[in-house]
Structures are given as structure tokens and as C-alpha cells.
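The following pair of complexes shares a single chain, subunit A, combined with subunit B in the former and subunit C in the latter.
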Partner chain A sequence: MDKNFLDQFLFVALPYVCLFTFFLMTVYRYRMQSFSYSSLSSQFLENKHHFWAVVPFHYGILVITAGHLIAFLIPRQILLWNSHPLRLYVLEIAALAFGLLTLIGLVGVIVRRFSNSKIRCVTTPTDWLLFGMLMLQTAGGIAVALFHPWGSSWFATNLAPYLWSIFKLNPDIMFVAAMPALVRFHIVFAFLTIGFFPFTRLVHVLVIPNPYLWRKPQVVRWYGRRPSVERNQR
Partner chain B sequence: MNVRSQVSMVFHLDKCIGCHTCSIACKNVWTDRKGTEYMWWNNVETKPGTGYPTKWEDQEKYKGGWRTNGNGQLEIRSTGRARVVPNIFHNPHMPSLDDYYEPWTYDYQNLFNAPEGSDQPTAMPISRITGEELDIQSGPNWDDDLGGSPIYAANDPNLAGLTEQQRQQLGSVERLVFFYLPRICNHCLNPCCVASCPSGALYKRGEDGIVLIDQQRCRAWRSCVAACPYKKTYFNWFTGKSEKCILCFPRLETGQAPACFHSCVGRIRYLGVLLYDADRLEEVARLPDDRLVEGQRSLILDPFDPAVIAAAEKNGVPESVIDAAQRSPVYQFVMKWKIALPPHIEYRTLPMLFYVPPMSPVLANRENDTIHHATDNLFHEIDNARVPMKFLANLLGGGHEGVVRYALAKQMAVRWHRRAETVGDVDREAVERLLRAADCTADEADAIFKLTALCTFEDRFVIPPMCREQAIEMMKDPHEHRQEAGFGFVGGPRRGL
Partner chain C sequence: MKPLSRRLSSPKRHLPLKTPLQRAHRRDHTLSALWDLGCGGSPASAPARRQRSFSVRLGLAGVAIWAATWIWPAGVLAQDTPDYFRQNCMNCHTIGGGRLTGPDLKDVTQRKDRAWLVNFMVNPKAVIDSGDAYARKILEESRNVPMPTLPGLNKDRAERLLDLIEAESKLPESQFKGLQISQEPFTDADRQRGRAIFLGHVRLEAGGAACISCHTMHDTPALGGGRLGPDLTNVFERLKGRKSISAWLMAPGTETMLPIFKNHPIRAAEIHALTAYFEASASESPAEPAADRVTFLLTGLAGAVALVFGLDAIWKHRFHSVRRTLVDQASMRGRR
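Our next item is the complex of A and B:
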């Protein structure tokens, strides 16, 4: 197949399809199937190994995702930070450490889900597919970090502009097309994961409980309360 | 004064026969779905015993309820604001299925399908979660009627503070004693489950105080399960949502008593409205342990006081609810007679379910095949009852015996008064002395007797009109929704992928 055509498909068409699916379906699911937005925790069924699998996985993946997002949002500042070798090493090592934490946690999650018969009952085919995708993506990301080091810098110079071009609806795949196969694989799989996101349990990350930090402890709901009374109350 | 109404409850433990009919009624109505098999929103425990989930009263283990910190401020023992981020991935105080029990059924099909053999086929127990064969280790009422007491009754957390002699007596033949403790959600005034929910899915209904979980907003962060010291919020492992007793609000709204109340064989349950001052909640919840019972009573307002009525009307409490509050049997037991007490008030959630403490067997001696009741020094019997006062105080008095002794003395006085009235073999003056010492009058004793023993359905359940029709009309025009699928869930609640 024509390489240019393939690149156009993988880095222009696919990202748009996946991003469109992501935004449309998360909103649709939230509005129509709000009940299904749940972390579907399995801690209740198995509480001994839960900690050692779930905690490293969550800290790992949250930091790694936040790192990608920051590099995408403020590439210039990242480059500035990396201008001192020592700071570059610190960033790279920290990123690799959290990547490994994610991988360890993910392996723990999969082993736990596979080995406990009760938890197998609450693991759907979608979950297994998702775990497979996350596994490939995490392992791929670590491989990129090992074989193509200083990713924080080349991401800022080469990939951040590509991602911005996608969001500016003016896709420019010049830099991406020149990337090594491992990196291209990581990018394509990232978009696939984003597209798959609204059909999985991952949606619970979108309903993280922010108001808890400032709301009053007690919640009271009134039905049909007259506004005049409401004013007297609060 | 911020007057609100609360549907409140009294369970008369002296009348409970431990038949579990309430549990079955609740089970059949609400928790026979997948994921809820292990839940008993209503359960009946034998005391002394470890209960369900096992040792739920041991807050060193479960970390439920509130505590006061160094500054006298209230904080949730399990997960507060500061700890919500680390604890949201793994809740360190979350009970697991092992603390309840693994629900099971029996493989009845094997009785029909087993191949021909030399033995009768059996229906093996199988797990209702995995469907695999199960070696049953325990169940929700495994210690019913003191079954296995050396491992269950002997580990009751309420035995704290009892002497070794008292503990031994509780388990010795011919002196052992037990009573039943039916439990549902207490629909607390200061609910810890609500305060702990990161999503804000749990809430207290303003009009009647029923505590509910919004199933659409619950995201399975599990904080409520850990926070409730009574362990009355449950995690549905299939839908990934927490669930709890809803006080049968669809029944209450149509004027019917909740299923467990309605079906109660011993007629131990009473339901009615209490008016309370919501402005003073936090102040009361912070009181030292020994003043909590009185503190909670001070929150509850006299529904006949004109000032209270005026404040209630100003606050939007309907006249019909005030009327129900004036006829409330719960007000009689809790406020007028003061013989109903909140369970474990030291958890500081201000529970609105009150228990009338049970009387132990009346002491008697036996001579020449006739049984003689002690007729002199009648009070003696309360402190020498088979259930030690300290045990009841740990359960119902926040560890302090005064309020429990008061309730028992008054019940004992009622018994002797009725004995004098109906049989007449007791010295009337001794009974008068007893009544006076118990802070009771003959009229009051008759009223207690009547509401305890001769109560009709209407006496026990004074359900206020909940005015839901008005509330709904204000939000939605029924005509707009004609021929549609109805309000609420469209398509039914389905587990997420």
C-alpha cells in the first residue's frame, strides 16, 4: 500500500474518528446511561491483593497521562526545563519509573482478575479487551522510553505540533511520518484507546468527585420546596 | 430554630420474638436481585453475639462513624476530605464479602438429573456469585439463639467493661440469657455515610429525613460502606453501586407501613414523626459521650409548643405533618416516657431508630413446687437481671448506665402497677413507691401498657401524609409525559461495561 496513503489513514482519519467517537459517546452515555458510569470496584469481592494491584496502577497511569497532557499543552516550558541535562535526566527517570509502576500494577490487576473466580464473574469481555490494549500501550510506551530516549524533548518539538495541528483541524503529519515504527505504533494505539474509552469502565475517570473538597458534609435534597422558604433556609 | 420533620422509629425489644419475618419481608421486596443476595437491609441479631457483618460494632476494626478530634471538631473516622485521594483507589477500611458471608443456594437440579447410582443424590450448596460448589463457613445469622456462643457471643464488643464473673454467667447453663436486636438503617440526623460520599450521591430527604443513595450518581467509591458504623450501606458487587434500606419510601408515600414494620409478628415496631431543630445538630453531635443521649433528646421539639408549631409552619412543614407529630408513638416512647434509647450513640451519627431495652427474665425462687416472685425490694431485680446493666449500657446508653436504668425501672414499675390493677396480689403502696421512684404515674404506666400491649395498627404507625403529589406536580407536568415510559430510569439500570 502507498505509504503516504497509510499515513493519511493512521494519523489523520483514525485520530478524527477516535476523537469524534470519544466526545460523542462519553456525552451520550452520560446523558442516556448515567447509571453505567461507575468504577465497578471489585474491592468488596477480594480485599487482600486489591491494594497491591490497583494502587500502583492508578498512581502510575494518572501521572503518565498527566505527563503526556502537560507536554502537549506546554511544550515550550518542557524544553526550557530540559535545557539542563540534570533536569532532563530527572524527568526521564521519573517518567520511566511511573511507566514501570503502571506496568506492574496492570500485571497485578490482570493476574488478580484472572486468578480469583469471584472477580472473574465481574470481568466482562470488554474488560479483557481493555486490559489487553492497556498492556500493549504501557509496554509500548516503556519500550519507546528505553529505545528512543529523551522523549520529553522530542515529544515537545515533533509530536506536540502534530497533536496541535489535529486539534486546529489542519493536520500536518510531516513529523509523525518520519517517526520510528515503535513510536508510530504507540501513537496509533493511543488513538484507538481513546476511541474505545467511552465503551469501557474507564469512563469513571471523568466523574472524579471534585465537589467533595468544598461541599458541606451533609447533603439534603428537598422536593417542591417553595423559593421563599429556601431563602429563609440558607 | 430550624424545624424539620423526621420519620422515626421505635423497636420494642421486650416484645421481639426473633422470628426474622421482618428480614424475609424486606428480602422478598427489595434484595432478591443479582448482586444483593448477601444484603440484609433488615436483619435480626442475637445479643450477645457478633452480628452481621461479623463484629460490626468493633470500630477498632471497621473505623465507622464520627470522632471528635483534639479541637472538639467532628471528623469521619474512615475517610475524610484529606484522605479522599489516597483512599479512593483502595479504601483501607472497606469490609469485604468475607465479613458478611458468601451467599449460596442449592443445586436442586442434581436431585433430578443425577445419574443412577448407589447413593441418593444430594443438593450441594453452590455460590450465588460464582455458581461453584461452596463449603459453607458462616451465614448472616449463624449465631442465632446463641448458636456457637464460644466464638460468637463471647466476642460481642458490648461485653467490654464486664467482669469475668458476669461474662461467665452470661454463658452458664440455667443462667444464660439472650435477646434479639432487629436492625435497619437508622436514618440518622448526622449520617456519616452521607458526609463521606465523594460523589454526593447520598442524601437525606428534607421532608421526611429518609437517607437514600442516588443510584445514578453513585460511582462505587465505597466510602459510605466504610463510614457507616452500623454497616447498613451495602455494596452491590454486580451493578457497582451502593444500596441501603430506603425505609420503603414508596410504601410510606402511599400511607403504608414499611414492609418490615407491616409484617412484624411481635408488633414490636412503631413509626412516627419527630420534629427537630436542625440548627443544633453539630453542637449536639460534638457533646461528650455521657451527654449524647440527653443531647439528642434536646434536639427533638415538643410538637404541641406554639412556638415550635409557628417555626415549623414558617419552615414549610405541612400542617398534616405537625398533626402526625402530635400523635407520634415515637414521641411518647422517646420524649415523654424516655424509655426508648438510640443504639450506640457514641458513633455520633444521631440515629433516629430507638430501642426500648429488654427486660431479662423476672427473678423468682421455687418452694414446694410453687414459684414465688420477690415482692419486697422490687428494684433489686433490675440490677440483678440476667443481662448485665453494663451490657445494655454499652449497646443503648453510649456506655453510661443511667439512661438504661431509668428505662428499665420504669418498665418494671409498669409491670407491678398492672399486676396490682389486674391481679391485685401486690401491695398497692409498694407499687406507688415504685412508680414514684421510677419517675412515673399510674396514668403514665397505663398509657405505656396500652401502647406496648394493646396497640392497634393505627396506634403503632402514624404515617404522615408525605404530600408527594404536590412535590411532583411542581417539578413535572404529568400531561407532558402522557403515554411515555414514566419518570426516572428509562430503559432500566444496567451495569456498566
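Our next item is the complex of A and C:
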């Protein structure tokens, strides 16, 4: 296939298809099935391995996603921060550490869902597909960080303008056309994940009660009495 | 979940709905039924039609945004021809200022016929791939850096650009002559300034990214420089000396660098300093990437492990003790 045509498809058509799918289907699903906006927590079914999977995964992916968003919104300031090598290294090591934290958590999530029969029962094929995509995307991101450093700087110079060109409805693929295959894969998979987002449990991101991140512990108790207790009282 | 037809004909449907909560609950059931319908359910009811009308509006909004994506670039195409040349062609070409990455375009229409030039400008890759001898010659003279396909460059714009080049070629000094680089001998101060520019300590005046973002050198400290582009330790020899490396920095022609420096050109004094630094490092051995990569990975891994234990220390009372204590207490009560 002609490379130019392939680039137009991967970096112009596909992003718009994925972004439109994301916006339209997210609203559509919220209107049609409000109660399906949930992460469908399995915490009550298994709680021992839960911590080592879900907590690293969530804090890792939140920081990494926020980092990508910040570099997209204020690329000049990122370049200014990186203008001293020590600061550049600090930023890159922190990003890699959170990337690895995400990977550790994600492996934990997948192992927990696979090894526990109760959790496996409530895991749908869509969930498995989503875990596969997130795994590829996270591993791909770490590989990009290791083999094509320093992403925080070249994201600001090349990818931020490309993404802005997409949002300004005037796509300029020159910024990404010559990028290494790993980087191109990471970009394409990011858009595919965004497009797949409204069909998955990821929608809970949009309705998350944010105070969960810092609120004090809450004790959840069963309201009903156990049959043995009732028997004893009779 | 019951099929749509059964749910809509359920006796509950005819009961009066007393409270807003009940009404909201009923509405949600209807919406769920419609979601099922999309997956192959039964014919729609009035509420379902209302929801379908919402879907149609949503679809139309999507189509409108999609149409805007094709209309918007039309405004961009209305750009002035000299401005277009300045922003898209001057990275690699001058008119009467000598060769950069691409050839000097002075009197180019006298060297080759317009039809060929227009064809090449609109789709350079296709002409090169077709095996055209003249296109291959240009490619070799440009150190095998092919001319990129430029955004918005159609046949009409190519004709207007050739008109501009013809007019500028007739002038004693074209406005597109380009930067003129100093021929002064390099000093230690130049070399130190070049290294500072490379590392980012001294910022590029026009706002371009520091070289360390994508390149490394033999003496780049700690974890080394970027690896998106090549190691530049021996670039002075690779590009065959001062004149051609200066021309390269004046108009970085690779597809990755071109869009970055198109709007943030490197100034003549900065090119002079960087060239001095590259000349001084020409005899050194390039940096070893594997060692830097392992150090980077291990440091990141140590950070990740520290984060896992840190999160455990912060959250253990929430996720471990509280619920686990409850479960343990419940188990103990069961045994008593």
C-alpha cells in the first residue's frame, strides 16, 4: 500500500473516526443506558489481590494520562522545563516509573481476573479485549520511552502540534509521518483505545466521584442479619 | 432481561406513576429496552421514536462537524504565495543564495520544463519512485533526503510558485536569498556556546527545541541525549565539513526536523556555534546507548517499586485493615 495513503488513513481518517465514535457513542450510551456507566467493581468478590492490582494501575495511568494531556496543552512550558538536562532526566525517570507502575498494576489486574474463578465469571470478552489493548499500549509506551528518548521533549515539538492540527480540523501529518514504527504504533493504538472507550467499562472515568481519590476510609457493612443470628434469637 | 415486546406490554406499564422517582425508573427501563432494540429487538414505541429522533440529531451534529473538517482547510489554501514559499520551501531552498539541502532555485525554469517541475513539486515521491533520471540526480545531490510532499501544494499553487521563482530570479538580490553564515575561524568560546545550545542551557532564539531532545553526543552527561535522531558525535565528517553542515542547520531537511524548525529557524550565530562544537567532536567515539538505557530502566524500576510500597503505606488502612478486619471479625463470630 502507498505509504502516503496509509499515513492519511492512520493519522487523519482513523483519528476522526475514533474521536467521533468516542463523543457520539459516549453521549448516546449515557442517554440510553445511564446505569451502565460503571466500572462494575468486583471488589466484593475478591479483595486480597485487589489492592496490588487496582491501586498501582489507577495511580499509574492517571499520572501518565495527565502527563500526556499537560504536554499537549502547554508544550512550550514543557520544553522550558526540559531546557536543563537534570530537569529533563527527572521528568523522564518519573514518567517511566509511573509507566512501569501502570504495567505492574495491569499485569496484576489481568492475573487476578484470570486466576480467580468468581472474577473470571464476571469478566466479559469486551473486558479481555480492553485489557489486551491497554497492555499493548502501556508496554508500547514504555518501549518508546526506552528506545526513543526523550519523549517529553519531542512530544512537545512534534506530537502536540499534530494533535492540535487534528483538533483545529486542519490535520498536518508531516509531524508524525517520519516517526519510528513504535511511536506510530503508540499513536494509532491510542486513537483505537479512545474509539473503543464508550463500549467498555472505561466509561466510569467520566462519572468517577473524584473525592474517592482523597476521602477518608469508609466502612461498608451488610444491612441484613445472617440466618444463623436470626435462628439464635428465636 | 425480558424481550422488548413483553416489557412494553407488561401490566406494570399501565399502573399510574405517582412519584418522579418512579417515572425516572420507568424511563430508564424504556431506554434499556431501546438499547436492546438496537441489538435486534422488536418494533419501536413512542418513547423509542423520541429517542431515535435524539439519535438522528446526534448523527446530524456528527456529520456537520465532519463536513467542517473539509471546509476549514479551504481557508488555509488561500495563503499568499510568497508566505507559502517562506514557510514551506525556504527550509531547503534559496533563490540565488546557494544550495541548502535542496538545490538553489534561481532560474530553475530554464533548467527544466514547467510541466516536469509542476509534476515533481506536487508529488515528488512518485516521480523519484518512477525512476526518473533527473529526479534521482537531485536526490543524490541532496544527500538522499527526498523532497517531502507539502500540504496544500496542488498544480495551481505549483504554477504560482514557479511564477514567483521566475520573478525573483530576475532581481539582483532575491528576498529568498537565505541566511549568510560567518566564515570566521572557530574559537573555544564558540565551541562552549555550541555545547550549551546543544544541551539546552542556552535557548535557541527562535524557540526551537534543544538538540538533546532527539540527539546525543559523546560528552552528553548522565543518561545521555535523545535517541529519536542519530548520534551527532561524528556528524561533521558525515555531512562533509563546515559549509554543508551549516547549510543543513539553516534548513534541516528530514521529515522529522522540517516541521519543527520551519517556524523556528536556527539563527546564523547559533549555527556558527553548533558547527564549532560538532567540528571539535569529530574525532571522538560516539556514545554507547545500551549502558544509558539500562541505567534509565533500572532507575525507573526503582521508582516504580518505591511507588508501590509508598501507596501501600498510604492506603493500607483503607484497603487492607478496614475490610479485612471486618471480615475476620465476622469469621470469628461465626466460630463462637
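Here is the rule we use: the second predicted complex is superposed on the first by the 209 of 234 C-alpha atoms of A that agree within 3 Å, B and C clash if a C-alpha of one lies under 4 Å from a C-alpha of the other, contacts with A are read in each partner's own complex, and residues count from 1 in each chain.
Keep this in mind: a contact is a pair of C-beta atoms (placed from the backbone, for glycine too) under 8 Å apart; a residue touches a chain by one contact, two chains touch by 3 or more.
Remember, predicted model here, so these are calculated numbers, not experimental data.
In the superposition on chain A, A:Thr126 makes contact with subunit B only, while subunit C stays out of contact range. Contacts of A:Asn47 after superposition on the shared chain: both subunit B and subunit C are touched. Once the two complexes are overlaid on the shared chain, A:Phe147 sits against subunit C while remaining clear of subunit B.
Shared-chain residue A:Val55: touches subunit B and subunit C both. Looking at the shared chain after the overlay, A:Asp172 reaches subunit C, while subunit B stays out of its contact range.
In the superposition on chain A, A:His84 contacts subunit C only, with no contact to subunit B. In the superposition on chain A, A:Ser34 makes contact with both subunit B and subunit C. Once the two complexes are overlaid on chain A, the subunit A residues touched by subunit B in the first and by subunit C in the second are 32-35, 47, 50-51, 55, 59, 217, 219-221.
The part of subunit C that touches subunit A in the complex is made up of residues 28, 31-32, 34-35, 51, 54-55, 58-59, 61-62, 65-66, 68-69, 72-73, 76, 125, 148-149, 151, 199-201, 203, 207-210, 212-214, 220-228, 254-256, 258-260, 293, 296-297, 299-304, 306-308, 311-312, 315, 317-320, 322-324, 326-327, 334.
Interface of subunit A with subunit B (complex): residues 32-47, 50-51, 54-55, 58-59, 117-118, 120-122, 124, 126-127, 199-201, 203-204, 207, 209, 211-213, 215, 217-226, 229, 232-233. Residues 4, 16, 20, 23-24, 27-28, 31-35, 47, 50-52, 55-56, 59-60, 76, 79, 82-86, 88-89, 92-94, 96-101, 104, 145-150, 153-154, 156-158, 161, 168-172, 174-175, 177-180, 217, 219-221, 228 of subunit A are the ones touching subunit C in the complex. Listed in rising order, the residues of subunit B touching subunit A in the complex are 2, 81, 84, 88-92, 94-98, 127, 129-130, 132, 190-191, 194-195, 197-200, 202-207, 215-222, 225, 235, 237-241, 281, 314-316, 467-468, 470-475, 489-491, 493-497.
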